[in-house]
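Just below is one structure, and these are the notes that go with it.
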Amino acid sequence: MELVAGRMLDLVTLIAMWAVALFLIYSKREVWIRRLPALDFIEEAVGRAAEMGRPVVAQGFGSGSSGLQSSVSPMIVAALSILGHAARICARHGTQIVATMRSESVLPVADEVLRTAYRLEGKLEEYEARKEEMLPWTPNQATMVALAYELRPAAHIIIGAFWHESVQIAEVFGSVGAVQIGGTGRLYQIPFFAAICDMNLIGEEIYAVGAYINRTPQMLASIATQDYFKLISVALIILGTLLTTLGMIGPLDALFKW
Amino acid sequence: MATDKHRLETIPNWIFFLVILGSMAYITLYPLGLPIPVTQLTKDTYAVVDALNEGDIILMDHGYGAGTIASHEPGFVVIFKHAMEKGAKVIMVSTSVESPLLLDAAIAKIKPEAKGYVYGEDWIHFGYLSGGEAAYAAILDDITGTFTADYEDTPLSQLPLAQELGSPTWQKIALVYVMSAGGDVCEGWIRQSAVRFDIPMIQQPLEMMVPTILPYYPINVQGVLNGGIGAAEYELFSGFPGEAVKLSDMLSMGGLVHLIFLILGNIGFFLKRKGGA
Amino acid sequence: MADVLSIWIQALLTIMITTLAWKDQPVSRLANHIYTAVVVANLTVVAWGNIMNIGINKITAGNYVYVIAILLGILTYARYSKANFWMYRYPIALVMGIGVGTSMRGLVGGSVLDQIRNSFFQLSVPGDAMQSFNNILSVVILLSALSYFLFTIKATRSETAMRFSAIGRYAMMGAFGYSFANTIATRINQYAGRIAFLLIDWLQVAG
Amino acid sequence: MSTARTYKRQIPLALTFIVGMIITFDWFIKWEPLQNLTTTIMNFQIIMVAFMMGFAGINLVIIHTRRIQQNMSDNKMFDVLLSVVLLGCLIIWTIAGIGIGRNSDTYKWLFNTFNQPLGATAYAATLFYLASATYRVLRVRSAETGVLLLVAFITILGNIPLITTYVPIIITIRTWIADYLVKFSYRAITIGVGLGGIMMGVRTLLAMETGYLGAVEE
């Protein structure tokens, strides 16, 4: 049994993040959080859909082998918490919500999320009767395009993990008149959402969703942890740059190679 | 006049459809034959392959699926040809489940048998590699321990080249060549092969993924092939004519069409705003 | 014969699915239904192969631990049962744990620490004013874009801080423009492959 | 009641935590038993996910059988045909793949004749949507979109061999944009996404994000 060389700083950082997160969570401090207009907009978009009597479509739950078991799972979990939020509003307004599925491991989970949302609004039977239509299997982007033409949704929530199909579905749903709220942590796809969607979340903003919607002190504390480590990153970059400029990077470099 | 402005503001879908199809078909039928400027990245990639010696072994991740065939296959073909020219042997694994099904078409273009290359002795495809980054590490440690048969279920005991690899496999490998549309695949190979063992590496990601690979160049990755465009440059530079060279005209035509759309959209928008105000 | 038939079917399917970009109509819908079916079937066949190669073969070879994996796999179907649907949570919990573990261990090194380590700049490069300028600009872009992503720190809402993070936002917008345009080149390249197939392999009108 | 809660919720949550920890520590510690355990868990995952693939098939069969019934009574025969084609292809391919085998020439022929052109074209057809997006959304609405548009414009120019052959300076500008503007703003996003993803993982392992097990007790 030995520690893998070169990954020690990774391990220490990970443990530190856990420690700070646990400390902040149990200290129950009050945490302020800035506004994320894109998330406030979901309620408005669903309301609009209810008025127009047209459905809401949510996408972004992985694809094929990139499901809950893969490294995009945090994005999918974020997408699922938005799905739960949107589904409750939809159930309340009596608006149809459709969550497209591309990854087999997410399907039972999305089922649970929708079931819970409808249960909390006391409309479980409504869900049980139509759950297959609410979770259609769309294995390719052509099916998503066809779905857009078929349903003509009033709102389109595209938050989660996306691949090359992002520009296509965003463009098509936009052209059938849906208001779009986009966001992903997948670097290559952010540009299309930034250009096409009415409201968008850039990169890690999608991870703040759970905390932003529920506002429990524990959730907010974990977002604060994230921010503290971002500040540490900033400090390290400044320090490293100064040391490099002065030609004294040696020790810091050694620390990073630990 | 007012309707004119309106028309420029909202061009219907079928016009894009026809203009793009028409212009691309036209340029295929009547090519301009423009040269494509060869970038430094491609020249470096060429140099890495050109430095191979007779009998060296290249490990390729033949990791593309049906969707990105146009970006990856030309590069695979031209580098395989170049490797044969140098007398290097080729072993392949694949991080895409579709690769074994697409392999035959690419091999038909490479024609290894014309160079006297025999399957099993000079080149092997081991098949689909599941399990992500941990699996890359596993095959670099011992490829014959990970796979028991090749992509067509031929037992490895019948393939002489596989017997040469043994454990640890990484010591026998002179170059790693990764083709993939997955960012985590590209970076996973960098971590497991280039960082861990310092094996030379060339990568062929999709064109739009190149910026995320550049931070590793030239320290970890010695050559980056810019998708199909890079393959076209490689074909031109190496003198192995292939399919991708024709791409240059397509890029010119397609790019110009997009520029025109961009300008039209903005003129329409500007006119409408001016009309509105 | 089979080859000629194959090329004709390929060409027709290529044209049919392309017409979806024009609009949703019967031809594209037919192609789309075929596409959905063959993709799902192919994934099912791959899944079957995985169950056989990794599960059943190991069990027949005497590795009985994999019986548990097969049982867990079957448990996912509990979701169709009204009373016992909760049983599907066991396999899902396992899958979830794997996903979280894989992402956490990879992110801390690759996305955070490696990126920081690569961001130590030489602010003044002797004899190369352009490089010095570029390096200073890089630090400014990086730090301002990072500060844009602070959520819970009130000080970031002050006017100076907002102005600083605006630099990052503009830089990100520029980067998005770059990616957007480069993706166009990727897709032209890929569609060129299809046009070449139609005109060269199928119609044989161009060389 | 409390026991039901234990096996319906708490054990699965604990399972997630334990597995997450095993996978994480396997990255940092080189220890044979741990490595073997990780390999086994990973193999378990492949098998479990393979089983879940059945959901997709069941979902399609349910939706399309319903549609056939519905459209039969509405006398929409083309729609009936579509659903029949879908179910037919699904059955034929699955039988061919499982019965004859994925490496057989028959299955390879089916794949290269149907899956390959459809996949390649659907992927490439994104081009048309990009064109329409270029026209429809890349407009100078604000200073921010102005920057986006300007950089996109230069980059498109830089990708056109017809222009770069005669005006090579554009390649220099394009390379500068990629090397500084793109690289470092993406790096900032990457760091943020990394930290955000880790904290998301922490929240999941601490059972704070339990959407995947249903948000309410039952």
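Note that the chains take the letters A, B, C and D in the order they are written out, and that residue 1 is the start of every chain.
FYI, contacts are C-beta pairs under 8 Å (C-beta built on N, C-alpha and C of every residue); 3 or more make two chains touch, one makes a residue touch a chain.
Keep in mind it's a predicted model, so treat the numbers as computed, not measured.
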What pair of chains has the most C-beta pairs in contact? C-D
Look at all chain centres (mean of CA atoms) and spot the one farthest from the centre of chain B. A
Averaging each chain's Cα atoms, the one nearest the global Cα mean turns out to be C
Report the inter-centroid distance (CA atoms only) between chain A and chain D in whole Å. 13
From the mean C-alpha coordinate of chain A to that of chain B, what's the distance rounded to whole Å? 30
Rounded to the nearest Å, the gap between Cα centres of chain A and chain C is 14
Out of chain C, which residues touch more than one other chain, so two or more? 17-18, 20-21, 23, 29, 31, 35-36, 39-40, 42-43, 46-47, 50, 76, 92, 95-96, 98, 100, 102-110, 112, 116, 118-119, 142-143, 146, 149, 172-173, 175-180, 182-185, 188, 190-191, 193-194
Chain B, residues touching no fewer than two other chains: 13, 16-17, 20, 67-70, 97-98, 130, 132, 184, 208, 210-212, 215, 251, 254-255, 258
Hey, what residues on chain A touch two or more of the other chains? 7, 10, 14, 17, 65, 67-71, 74, 104-105, 108-109, 137, 139-140, 142, 164, 167, 175, 187-188, 190, 192, 194-195, 202-204, 208, 223, 226, 229-230, 233
What topology does the chain contact graph adopt: line, ring, star, complete, or other? complete
Chain B partner, complex, touching residues on chain C are 18, 21-23, 42, 46, 50, 102, 106, 109-110, 118, 178-179, 182-186, 188-196, 199-200, 205-206
Contacts from chain C onto chain D in the complex sit at residues 2, 5-6, 9-11, 13-14, 17-18, 20-21, 26, 29-31, 33-51, 54-55, 58, 65-66, 68-70, 72-74, 76-77, 86, 89-98, 100-108, 110-112, 115-116, 118-119, 134, 137-138, 141-143, 145-146, 148-149, 168-185, 187-188, 190-191, 193-194, 197
Help me check something: in the complex, which residues belonging to chain B touch chain A? 13, 67, 97, 132, 181, 183-184, 208-209, 212
Note which residues of chain A are touching chain B in the complex, please. 65, 70-71, 164, 175, 187-188
What residues of chain D sit close enough to touch chain B in their complex? 38-39, 42, 46, 102-103, 107-108, 111-112, 115-116, 118-120, 122-124, 127-128, 130-132, 134-136, 138-141, 149, 152-153, 156-157, 159-165, 168, 171, 178-179, 182-183, 186-187
